[in-house]
Structure formats: structure tokens, C-alpha cells
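Got a structure for you, written out below as C-alpha cells; questions coming shortly.
Going in written order, the chains are labelled A, B, C and D, and every chain counts its residues from 1.
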Amino acid sequence: MNCDCPILTIVTFLPLFGAIFLLFIKGEEQEKIKRIALAVAIIDFIISLPLFILFKSDTSEFQFVQSVPWIKEFGISYHVGIDGISLFLFLLTSFLSLICILASWNIKDRIKEYMIAMLVLQTGMLGVFISLDLFLFYMFWELMLIPMYLIIGVWGGPRRIYATIKFFVYTMAGSVLMLVAILFLYFMHYNETGEYTFDLLKIYNLDIPLGAQFWLFLAFFFAFAIKVPMFPFHTWLPDAHVEAPTAGSVILAGVLLKMGTYGFVRFSLPLFPYASHQFVPLITWLAVAGIIYGALVAMVQEDLKKLVAYSSVSHLGFVILGIFVFNIQGMEGGILQMINHGLSTGALFLIVGMLYERRHTRLIADYGGVTKKMPILAIFFMVMTLSSIGLPGLNGFVGEFLVLLGTFKSNVLIAVIATTGVILSACYMLWMFQRVMFNKITNPENSKLKDINRRELALLLPITILIFWIGIYPKPLLSRMDASVNHLLTQVDEKYKTTLSRLGKNEDVLLASESKREDYKTSEVRISESSQNPVKRLIKLWK
Amino acid sequence: MEIVIPPFDLKSISPIMSISIAAIFILLIDVFFRRTFKDRLGYISFLVVIATGFVVYTQIGQNVYSFSNMFVVDNYSVFFNLIFLLSTALVILMSDNYIKQEGVNYGEYYTLILFATVGMMLMAGGADLLTIFLGIEMMSISLYVLAGFTRDKLRSNEASLKYFLLGAFVTGFMLYGIAMLYGATGTTNLKEIATFITENSGQLNPMIVVGASLLIIGFGFKIACVPFHKWSPDVYEGSPTPVTAFMSTGPKAAGFAVFLRVFLVALPDLEPKWSIILWVLAVITMTVGNLVAISQTNIKRMLAYSSIAHAGYALVAIIVGGEFGIASLLFYMLAYTFMNLGAFAIIIVLGKKGEENANIEDFSGLGYKHPLLAIAMCIFMFSLAGIPPLIGFIGKFYIFSAAIKSGFIVLAVIGMINSVISVYYYLRVTVVIYMKKPIREFSPLSLSPLIIVAIIFTICGTVYFGIFPSKIIAFAQQSAVLY
Amino acid sequence: MEVPLTWYLVLSGILFSIGAVGVLINRNALVIFMCIELMLNAVNLAFVTFSRQQNSMDGQIFVFFIMTVAAAEAVVGLAIIIALFRNKATINVDDINIMKW
Amino acid sequence: MLNQFGITFLDLIGFVILFPLAGTIINGFLGKRLSKSIVGYVGCAAIGLSFIVALFVLLDLLKLSPEHRVFEKEYFTWIGSGAFRAIAGLQVDPLSVVMILVVTGVGFLIHVYSIGYMHEDKSFYRYFTYLNLFTFSMLILVLANNFLLMFIGWEGVGLCSYLLIGFWFEKKSASAAGMKAFIVNRVGDFGFILAILLIFVTFGTIDFTEVFHAAPEHLQIGSIVAATITLLLFVGAVGKSAQIPLYTWLPDAMEGPTPVSALIHAATMVTAGVYMVVRCNVLYTLSPFTMTVVAVIGGATALFAASIGLVQNDIKRVLAYSTVSQIGYMFLACGLGGFITGVFHLVTHAFFKALLFLGSGSVIHGLGGEQDMRKMGALKKYMPITYITFFIGTLAIAGIPPFAGFFSKDEILLEAYTKGSLFFWGLGAIAALLTAFYMFRLLFMTFHGKSKMTKRVEEHVHESPNSILFPLIVLAVLSVLGGFLGFPTLSVINEFLAPVIGAGHHGLAHGGESHHVSSNLMFSMMGISTGIAIVGIVVAYVMYISRPELPGVIAKRFKGIYNIILNKYFVDEIYDATFVKPTLRASNILWKVVDVKIIDGFVNAVGRLTVLKSEVLRLFQTGLVRNYAFSIMLGGIIIIICSILFL
């Protein structure tokens, strides 16, 4: 739209070409392979940066749009573009991919295949965030499964096969139903307009009957909920994380999980506003359950990676909560929290990986007193830990607070429960930190530890800078989201209201939804009104 | 009494003629020529198939009935003929090395394959139950022999015998069904049967229903749908691998070609009845196929069950019918031909002499040893599992979108869930390839240039048409009208 | 007295059933094959009957084709049975089950 | 208003926080390579400069008329989302000026002290980095112009407290204490966050000025929202200021270096709760219920902690409980509406408690790390300067006129008597008695009597170096003079702070409260409280100087009570049994039963069931041709029957 060169396409497919190029290099030339892969990732990242600068924050339109017919017979087009919601996830992906390739420097085993898998994975992930065509989206969504599956399965830990198959089958199980739903939408659009198209922007305009909305929402919900993963669909995550190699965990936590939450924002809400509203009680309670449950379970983990994995369940609960409270603070907080989680949890996995490379164990009990030997690592570890527990001034807080604010506006009880997550996260993270980094060195193995080297510093430093940046001055991010989020919410709200009025639903529901948009200025009345008994709402839903 | 010789149109059967003549010619060469020349029989038959392909290609757009309306040339049959020829050509490429290695380098091998192809083409173009019957038998008898072609091997013998006995048994049912239809309508011509049923729609002769049911048995056997599928795992496992590859693609496609044409042309009025039966069959077929495939250890047997499951998906297309359904079936058959033949080609390459019954475990560590073959195998497996952006995904996508369009949402959902189950066993192959240590030394590969061509061609087809399926979809849509 | 056409059909049905059941209960591959032949001949009888009933020649022509095909099948079938017998020295189909599950 | 440079120092308020930040950055990044003395100079200079700027700010502020003594400087929008705006800005008003002066002033002295105290430590630069960072956070806390920014400082000081308590991280008790401090504080923060949310939802803004302007109009006195907001805020304050029931972290926090205890856990950070309550006094006055809660909790804590202090033997722990108790006093004052009195006590407490801590640090330093008072005694002659300053501090806290503590404590008791009831007064008075007793117990056990030091220690006992003594002396002077800031009837601090209370103009003001009290009552109260203090001192003298065997006898006779108090009423154990253990147990159940067995068990069962089905189904493939034929026929028959019957 504002740039003639297809920058999104270039960024997305450059890694794929890099991968193809790597195919023709001999596997023995490890250094060369690593350098080429790194170069591709760096170039890719650099090319993606102008997006941030050129992005126009005053419009909710999709930008950098490119639309080319692809499979005309089905009305499938290569339609890509970004708005304020996907922009950051796109950038995060290209950034983390770069980090991951650098983090994989010490892999000796079949480095060529590894780098190819990483680069293909990068293309897949980037594609998911820019697709504006449902078919294209689904294709990228599935495409990225294969390299991830291989990364866990080939370069993973001892139980990697179980973990990777679980990951793959779980995700597939969720996404096939989504495919059915996508096809249903496709034909529904045809029936209404006579045009075969998978174009998301056109399908947005569909007026979907309520019964269909319910089922379609469910179909999408399963795909996304598994990906996120929401409680209780989360059990693949700890396994996958524990077995995956460091970079795999980083990508998994940093990007893959975000696809689920992104899916909710991009697809579920605008496509099925009524069903989304109907499902709010269920989803918010699940999210809150996830927050508490993930935190509690994380507390008693003995394995570092598992701990971080369960903490992801907890953090992603916040994101979901933010998305499903239908107000601007919640949504922006949710999106910001996606990025924050990508950065801080990604970095935590990197750090665990660094420790693992040195000590070949992930059991917390095997560590202790590491700070003594690795003071620089300790600083970064501390920063990531604090970011993860949402210390104000660091990125985690901004997102978490906005989510809580949004939640508080729509449901006080849930907000209160979610806020306890703040306490719990401090418990498990700090306890872990204490056991790993503090105390005396009791295990003689630990006294041989060497502090991080320059490459590792180069991994953590940029993330740390971003963490501080977002924590102190998140405005450049929030302002770029603003228009898109606003547009999205108005869109959802208008559709929801028309549906309601068509249904002739009683006025007070209508009012409640209106008052959410307007900013609360006063009165206790409003508060009690908005915090209607969630249990009652749940019952209402199932009636 | 005056005998009128009905007009016939040789042009319409020119592909069949050319292949038949070539087949006989090859048999003669085999008998009368020297050894060195015999080694070139594969090339000759390959060239003939390719040439025939061009001939078939020129038939696009013709819609001709000939031989007293017993044979038809329309885009539908042309599309299927191209699939058959593709399958035949690729199988010939794969066979060359194999039959030499196994010491069964006899000229009749190619002859039989070509005759089977003739049978399939007859099936695709058959507009009369008689022609169809002839086509089926021609194909089947050739395949009986091919299945037992490595005649010193017990497995091969067994496969052949089982195939033969059950095939003949089912032929009886099918013929009885044809007889019933004939008895009820007085004709064996598909269109005339349809006309008769439409005209007498007031009272439906139960014989027609029974006849149709018996035909389902016959065709169901050919496409290996549950519960008529039981021959296929045994036969697939026992037959020489290229023959298995052949059986799982061309003849299966031919079975579908006939199935669809008979039921949509001759019995459209009964659709509400048979579509329910087929609905149930499709569900059972894909479920059983996928479930049993999980616990298989032999890769050929596993692919046999996978092939059963795929038959289940393809049945969905028949149930859906209509242009969309037909086009999706056409596309699916082509997709399946590409990816399945590719997978078998890899199995052939890796097969050692004698112990060609590769177990899945034998692929352990393939990724370490032969990375390119490993990647190729993974591509085929992922494609079979229906993961984008490979052709198998587009195929499934097409079929299930057809199902949803026509309102068969439950069927689509069941199919989707099934394809998730299928992921499990396809993944197992890739797991073994990449994630397990080799349990034995790989023998030196029996790579011949021909089979490399076959593998490259199938990979290109699987990937390229997965990403840019437009042309084939367009062609399939054009061909989706039964003339 | 003319035999009604239905009787032929009934006979054909009985023959077919005998053939089918024979396939199911016999163990000898040759006998099974003969039972199949019986089924085909039952079909032939049905075709001829229908042809007569419908007053059309198509059915009888069909019968010729079936006979030809049956002959071809017999040739192939016997060859297969011989090939097997050479390797295994049995034609009891219950012994032929190396491939299962 | 403008000075010769054309700007006011109010505009330069940013520098107050910038200097410590710069110190943090310099020491943090370069400290490892710099020499210890440079690190020390940088650290102290940062705070010193900050203090100087703060002084000028005060002067500039004094130039303004009392009603206009509010100055806000906004820097940038920190978080902006929809209608929510959190602006990064600083607010200068009398209250925050008092606070920044205390923070930077006392902070500066403690920094200087630390140079000597921490000299031997390897991580010298790390220490100063943390200390500067702490000052930075604390300044943000007090200068913030909105609740969320305040929360940054709030958590920031918590973080630094965590880092500094666990400064000697190799000591397990230290790192555990740090963690405990952070987590208990988080419980309080839970309330704080919710309060902020509720404030935004209620007022549509989180800016102090706007909220306090809007509050009296929007909320009626005694309304539920007002009560909820203030209670939630108070939860935060309770956590940060170590009040019942969240006080347990503070005694443990004594694991940190002593100057840290002085700065963070006595003078500044722990009083942040009081500051916050005073800052939000407009809201608090809207909710009498909360005020009562604050007073009760404050009073109860004052008494409760003092009672524990009676029997502790660790010199720093006694001081820690005394801190808890004194902050309880401050809350008691606030709860009774005496916000200024609370602040006044905060200031004097900062002086004398810092002094006491630093003095104890000097003792510990001199004894080579010994903290157990039973192994001290007769230090008077070894450490005369320390002794004198410590004695002044003790007099101040005990409430002997004219030392600082006397005026502030007396004012609180007066407040309790006039505004509250005899009950509150009683609480305060008994606590005062106990305070006087245990402080003099401390003094006597440490400096008087016979030496109970081991030989080795005794040989090395020495007076501390100048860098340690200098702050002691300054603080001692402040402890003597500080009280006159709030000298009855001509209270400087009262007048200065008055505009802050009740936002100046809503008639709800509780400022200038002592004007209403008759001087008779005032002087009699003074007499009574002095008398109480003297009683405490005398008892302590009897028990620890003239009849040293007495404590043992009493302890034996009241063994049960003694043990309970010695073990701090077993509160830690109770918390452990009621919160920590059950949570861990529940978590373990969630993980090992719910997660692994139920959820994952279900997932795996689905998988296993599928495989099982597969194994069963494959058995139908018998390998026998006749069975195959049978299945074909059976299938055919079923199809035929179905097609005829049902279709």
C-alpha cells in the first residue's frame, strides 16, 4: 500500500530460499553452513525492520498489502498484509529466528539439516502472521509443523519421539477441525455472494447465523486453544519444551504459542462476534484457571525447562484473558504480552540452554551457587526472571497490567483471581532462581562453570534491551496497535449489537456491552453491573 | 436376415490400440530377439506409453460415443487415461532395475503391465457394462499374473493365489449384479439403464436395487473398500514391489473411474439410496484403514492399509457427486498416483535382493546415510498425511471442500479426524528415518537412472502441484462432466 | 408344458449360492476355483434367461464374453496354483497364510 | 521565582532521580574495573548531588505560597491505551520534598557509612550499584505523580531490598530471606494493583491530583468503593511496611548487610507504606472504616512487635522488631487522622533508627560479625563514640525529652487520646513502655555490664573508622534536634505539610490538629509518656544491670509465655503450615495427579486406545482366503438386505 516493493513477501520467503541454497552445500562444511544461515537470518531481520518505521499508525487498514491470485479455481489468492496486531508478531518472529540460529551454534549433529529446518520454519511462521487469505493461513499454519516436528524429534532429548509426535498429532487434531470450519465459511460466502473466495477481508463481511457461529467458533477454538495452549489442552507443551533443543524451545515459546492467541484475535473474534461473546465466561475462566494452575504446577517442578514451560501456560492465560475481555486495554495488553512472553520466556529458555550446555542437566537440584561462577549470566537471568514476574519498569508489567485493567473493567472477580497470579509467579520464579543461582556451590561440577561467552552475550543483550525498552517506553508499540485494535473492537461490537438487536435481546445486555467501550468515569453502580455473577453467566450460556 | 455392421470409430480407441499392439509386439520381441535387445524392452514400452499419452492428450475436448455406444471418449476418460499412463510409465521406470535384480527379467512383464493398462483404459471409457466387464477382467487377469511374477517366492505365489481366488469370486457377484440390472432393464448400456429407471420411476424393480448392491461389491473390491478390502494388504505385501506400486495407483484409479461412472450415469435416480450405503462404507473404510495401519510393521503392508484409507477419502467424492465431487476425485487420484508411486519408488531403491519386504524399522537411520532419499521419503509421507503445501493436502482439501459444499459436514469431520489418525503412522516412518539409529548396514543402493527419473518426477509432481495446483484443478474441472 | 422363466432364475440363484457357499467351505484351491466357475455359470444361466425374457440378444452375447473370460481365468488360475504347488507342495488354502495381520 | 539561570530548581527535579540512576549505571557497568574508592565516591556523590538538588528544590518550593506548593513535571506518556494514560511525571509538593530529603539525606550518610563498612567485601561495586538503584527507585516512589509510576518505585525498592537482603547470596538464609521479602511484598502488591485498577475504573484516571480532586465529589464518605480502594491500598502498605499480618519478612531481612537494614529496612523503604497512606489521605478520610482498620492494625502491630522485641537476643532482630513496632505507631497515627504526625514520626524515626542500626553495625563490625547480644557487653570502653551515639538513639526511641522520638511519639499518643479512644492510647502507651524496656535492655546488654566476649573477639575489638563514625555523629545530632521540627505549637512540619492533607480545601482537613488541643492536656500527656519511658528504662536497668539473674528467673517462671514470645508467637511456623505447605502440597497434587494422571493420562489413553483398536482390528486379517471371502459375502449380504429393507 505504501511501499511498492513486496517487503513482506521478501522477508517471508527469503529464509526458504536460504534453505534451498543450503541444500546444495556439503554437510561437512559446518562453519560455512552456519554462517550462511546466520547471514540469511540477519538480512531477513534487517529487511523486516523498515516495516516498523514505515508502518502508519493512524490507520487500521492492512498495510504492505500484496494480493495475487494463486489458485484461481478455488478463489485462493496470495493475499498478505499486516496491521498493528500482526506487525509486532511478525517482527518478533524474524528477530527470534535470528536469535535462534545464533543460539544453535554449538549443534554438531547434522547442522545442515538443522539450519534448513530452522529456515523453513521461519518462513512458515512469518507466513502465518501475514496471511489474509484463510487458505494461505492454514497452509502456513500446517507447514510450520513439519520443521518444528523435525527439530524436536531429531535434535531433542531422550524422550523426543514421544514428545514430537504428541506435539504434531495434538496440533493436527486441533487444526483439521479448523480446516472444516474454514471450508464452511468459504461456501457460506459463496452462498451469500456467489463468489468463491478465501479472502479474509471479504469473509469478515459475512453475516453468519448464530447456530453456525457456535460450531465454527468451537472448531477454531480447538485449533487455537491447543496451540496456545490453554488449560486443559496444555499437556503437550511441557513435553515438547523439555525435549526440544534450546532453539526449538525458544521458537516454540516465542512464536508458535503466539499463533494460537493471534488466531483468536485475527479470526475468532471478528468472524464470530456473537459466539465469542457467548463463550466469554467459559474462556475467561479457563484462562484464569490456566494462570493459577500453570503457576502452581510450575512451582513444584524439578526440571528447569518444565518450570518455564508451565510458566508459559500461566502467562498465556493472561494473553487470552486480555483478548476476551473485549476492551482496548485488555486487547492491547494481550498483544503486548504476546511479545513480552516471546522475549522473556525465549530468553529464559536460552539461559536454561546455556546452563544445560555446560552441565548437561536441567534438574534444579543439580545447580546452586551458579552466580558465583557466572555473574554475567546471573544478571541476565535476573532480568529475565523479573521480566517474567512482571516487575514494573520491565516489559512484562506493561502487558500484564493492561490485561488486568481490561479484565477488571469487564469482570472484577476474574481480575482479582488473575491478579493472584502476580504473587504466584514471583513465588515460582524466585524460588527457582534462588535454588539455581544462589546459595553455596555444593556440587563440585558447578565450580567448573564458565561464564557466558561473547556469542551468548550477543543473544541475551538485544533481548534485554528490548525488555527495558518496552518496559520504559512502550508507546511506539501501543500507538501502532491503537488504530487496529480499535477498529477490531468496534467491528466486533457493532456486529454483536446488530445480532443482539435482531434477536430482540433485552436492553440491559446491550447496555453492558456499550458501557465497556465507553470509559468508566464514575459510580459504583457500573462496577457492580459489569461484574455480574460469572456463574450465572455460565449457566445462561449453557441454557 | 440382414446383418448390419454398426459403425465403429477406430480413432476413439487409438490409445487402446497403440498400447495393445505394443504389448503384443513386445511379447514377440521377447520371443524372437537376442538378450541385449531384451534389456531394452522397458525403454520401448516406456516410449510407447509416453507416445500414447500424447495421443490421449489430443483427445481432450472430444466427446464421442462409438462402437454402438459401448465406448465413450470424454474428458473424464481422458483424464483417467492420463493417470493410468502416468502410473504405467512410472512403474515401468521403477521396474527395470528391479526385475533384473530379482532375476525375473521376462518380456511378458511389460506386456502384462501394458495389457493391464489397456484394461484400465477400457474401464474408464466403458459406456456399457459389457465393456466395463471386459476392461475389469483384462486388468485383473494381468494383475493376477503380475502379483505372482516372482514365481520362486512363496509370498508372491500366495499373493497371486489370494488375489486370483477372491477376484474371481467377486467377479461372480459383479456379473450377477449386471445380470440383474439387465434383467430389470433389458439393457446393459449405462445411459439406457438410466433412461429406463427414470421412465419407470413409479415402481422400482427390487432387482435393480439388488443389482446395484452387487455392483458395489464388485467395484468395492477393486478399490479395496471395507469390508471387501481384505485381499489388499496380503497382495500388496506379497507382490513384487513395482507391481504393488502399480496396483495401488492405476488399477485403483480405474476402479474409481468405473464406480463413479456407473453410479452417476446409470443409477443417478437411486442416488439417495446408494449414497447412504457408500457413506457408511466410506466411514468404515477410512477408519479401519487408518486404524489398522498404525500397528503395521511392514511398510508395504502399512501402505496397503493407507491405500484402503485413501479409498475411503475418495469414496467421499463419489458420494458428493456433481461436478465438484467428480473433479475432486480426479484430482485426488492424480495426487495419490504421484505420492504413492514416489513412496514405492523409494522402497524399491532401498530394497535388497530377496529381502525386499522392507520393515519400517529397516529405514532406521536412513536420514544419516542417504539424506536425499530420506527427504524424498518424508515428502511423500507428509503428502500422504495431507500436510500442506504438498499435493496430498490439496487433494484432501478438494474432496472435503466438496463434501462440505454439499452439506456432508459430518462426513468431512470424520474424514478430517481420520487424517489426524493417519498422521501418526506416516510420521512413524519419518521418525524411524530421522530419529532412530540404524539397525543394519544399508546395502549399496540399486539406483538406476530410470528410477531416479521416476523419483524426481514424482517429487516434482508432489511439490509443484502442491503449491501450484491451478492447472490441474482447471483440467479436472473441465473433465468433471460425464458425457 | 413350458417351464416358467422364474424357475430358471431360481435355479440360477441356487447354483450361485451353492458356488458361493462352496467357496467358503472348501479348502482345496482347485475345488474353490471350480465353485467359482459354478457361480459364473449360474450367472450365465441368469443372462440367458433374462435375454429370453427381454427378447434381446445382448444377454446371450454377454454370456459368450463371460465364457471367454472364464476360460482365461482358468488358464491363469491353474498356472498360479501350479506355481504355488511347486513351492509349497500344497494347495490347501488354509495352509497358505504366511501373510496376515 | 526564577534564579539567575532563568530556571527554577523545581524544573530540575529530574536530576534528583537522575544522579542515583547515573551512579547505578556507572557502578553497574564499570564498577568491576574501577577501584573501590572510586566506586565509593561515585556511589556517594550520586546521592550527595541528589540531596543538594533536593535542598534547592525545597528552597524553591518555600518561595511559593503554601497553597501553590504543588509542582508537576511531566516527561512522557509511559503507557497509553484507550482512555488509560499513565504519564511519567514527577510531582513536587511538601510531602514529597520531605521524603526526598529524608531519602537522600539519610541515604547519603548510609552510603558514606557503607564505604567503611563494606570495604572488605569483594562485591563492593555490586553493593553500591544496588544501593544507588534503591535510592533511585525510592525517589521515584515518592516523587511519582500517579499511582502506576509510584508502583514502579514501589516494586523497584522491593527488588533492591530483595537483592540487598540476599547480597551474600551464598548464605542460604540470606537468599531465602530475600525471596521471602519479595514474595510477602508481592502479596501486598496484589492489593496495590487491584487498588490501582479500581481507582482507574472509578475515576478514569490514575493521576494523583486528578484523583484527589475528584474523590470527594464522586465518593460519599463511607461508600463501599472508597473503603475498597483504601483497604486494597492498605494491603499494599501492610506488605511494604511490615505490618500484621505481613510483617514476617522484615526480621528475616536482617540477613542483609547492616547499612542496608538501616537504609531500607528502617529509614526509608519500609516507611513507604506510611508515605502512601498519607499521600492518599484524601481517599482515606472518605472511609472511616478503613481508618479504623489502619489504626487497629497499626496499634496492634506496635504492641505485638514490641513484645517480641523484648526477648530477642540478636541485636539486629531487636531493632527489626522495633522498626515494625514504630511503623505500627505511624499507622496508628494515620489511622486516627494524624497524617502529619505519622510523617513526623517517619522523619524522626528515620533519623534515630538509622542511627541505631548503623550503631549496631559499628558494633558488629567491631566484633568481627558477632550479632548475638549475649556474647557482647561492656563495649562502652572499647567503642566510646559508638556508645554515645547509640545511647542518644536509644533515648530518642524511648521517648525521653527532648530527643526526636519524644515529640513525635508523644504527638501520636496525644492523637490517640484525643481522636481515638483510651483503647488506642493504651495500645500506644504499653508499646512505648515495652519499647523503652527492650531498647535499654539492648543498650545494657551490649555496652554495659561484664564482657561476655570470647577471647579472640575481645582482642580485636576496636572503634570503627571515621567513615563509619561520621554518619553516626550526624545522625545523632539529627536525633537530638529532629524533634524540634514538630515542636508543639510552633510545628514547622505541621505548617509545611498542611496543604497536602485533605487536598487543602475540602474542609475534611485533619491538618493542624494539635491546635485544638488544650495545652494542659498536652503537657500532662507529655508528662505521662515521659513517665512511661522512664518506667521502662528503670525496669531494664534493674533487670540487666543491678540484678542480672532476674531475666533468667522470670523466663523460667513464665516458661510457656517466654517460649512463645521467643519464637515470635510461632507466626512463621503457622504461615508455613497454613499457606506454604498446603500450597506446595496442592501444587504437587495438581502436577502429579491432575496434570500427569488425569489430563495427560486422558490424552495418552486416547492414543493407547487407538493403538489397541488397531491391534484388535488387525486380528481380523487372518491370512485365510476363505475368511476373506466370507467377509466379502457377509458385507454383500448386509448391503443387499439394507438396501432392500431400509432404503
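Convention: a contact is a pair of C-beta atoms (placed from the backbone, for glycine too) under 8 Å apart; a residue touches a chain by one contact, two chains touch by 3 or more.
None of the values given here were measured: they were computed from a predicted structure.
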| item | value |
| --- | --- |
| Chain nearest the global centroid, as defined over all protein CA atoms shown | A |
| Chain pair with more C-beta contacts, A-B versus B-C | B-C |
| Between chain C and chain B, distance of the C-alpha-averaged centres to the nearest whole Å | 26 |
| Centre distance in Å when chain A and chain B are each reduced to the mean of their C-alpha atoms | 44 |
| Distance from chain C to chain A - Cα centre to Cα centre, in angstrom | 65 |
| Centre distance in Å when chain A and chain D are each reduced to the mean of their C-alpha atoms | 37 |
| Numbers and ranges of chain A residues touching at least 2 other chains | 169 |
| Per-residue multi-chain contacts in chain B, two or more chains | 161-162, 165, 169, 233-234, 424 |
| Contacts with 2+ other chains: residues of chain D | 618, 621, 623, 625, 629 |
| Which pairs of chains touch, using the document's own definition | A-B, A-D, B-C, B-D, C-D |
| Of chain A, residues touching chain D in the complex | 166, 169-170, 232, 234-236, 293, 296-297, 299-301, 327-329, 332-333, 369, 371-372, 386, 391-393, 397-398, 401-402, 404-405, 408-409, 415-416, 419-420, 422-423, 426-427, 430-431, 434, 437-441, 472-475, 478-479, 482, 486, 519-524, 526-527 |
| Residues of chain C touching chain D in the complex | 20, 23-27, 32, 93-94, 96-101 |
| Residue ranges of chain D in contact with chain B within the complex | 610-611, 613-615, 617-618, 620-621, 623, 625, 627-629, 631-632, 634-636, 639-640, 642-644, 647 |
| Residue ranges of chain C in contact with chain B within the complex | 9, 16, 19-20, 23, 29, 32-33, 36, 39-40, 42-43, 46-47, 49-51, 53-54, 56, 58-59, 61-62, 65-66, 69, 72-73, 76-77, 79-81, 83-84, 87-88, 93, 96-100 |
| Of chain B, residues touching chain C in the complex | 130, 133-134, 137, 141, 144-145, 148, 151-155, 157-162, 164-165, 168-169, 171-172, 175-176, 178-180, 182-183, 186-188, 233-234, 237-238, 301 |
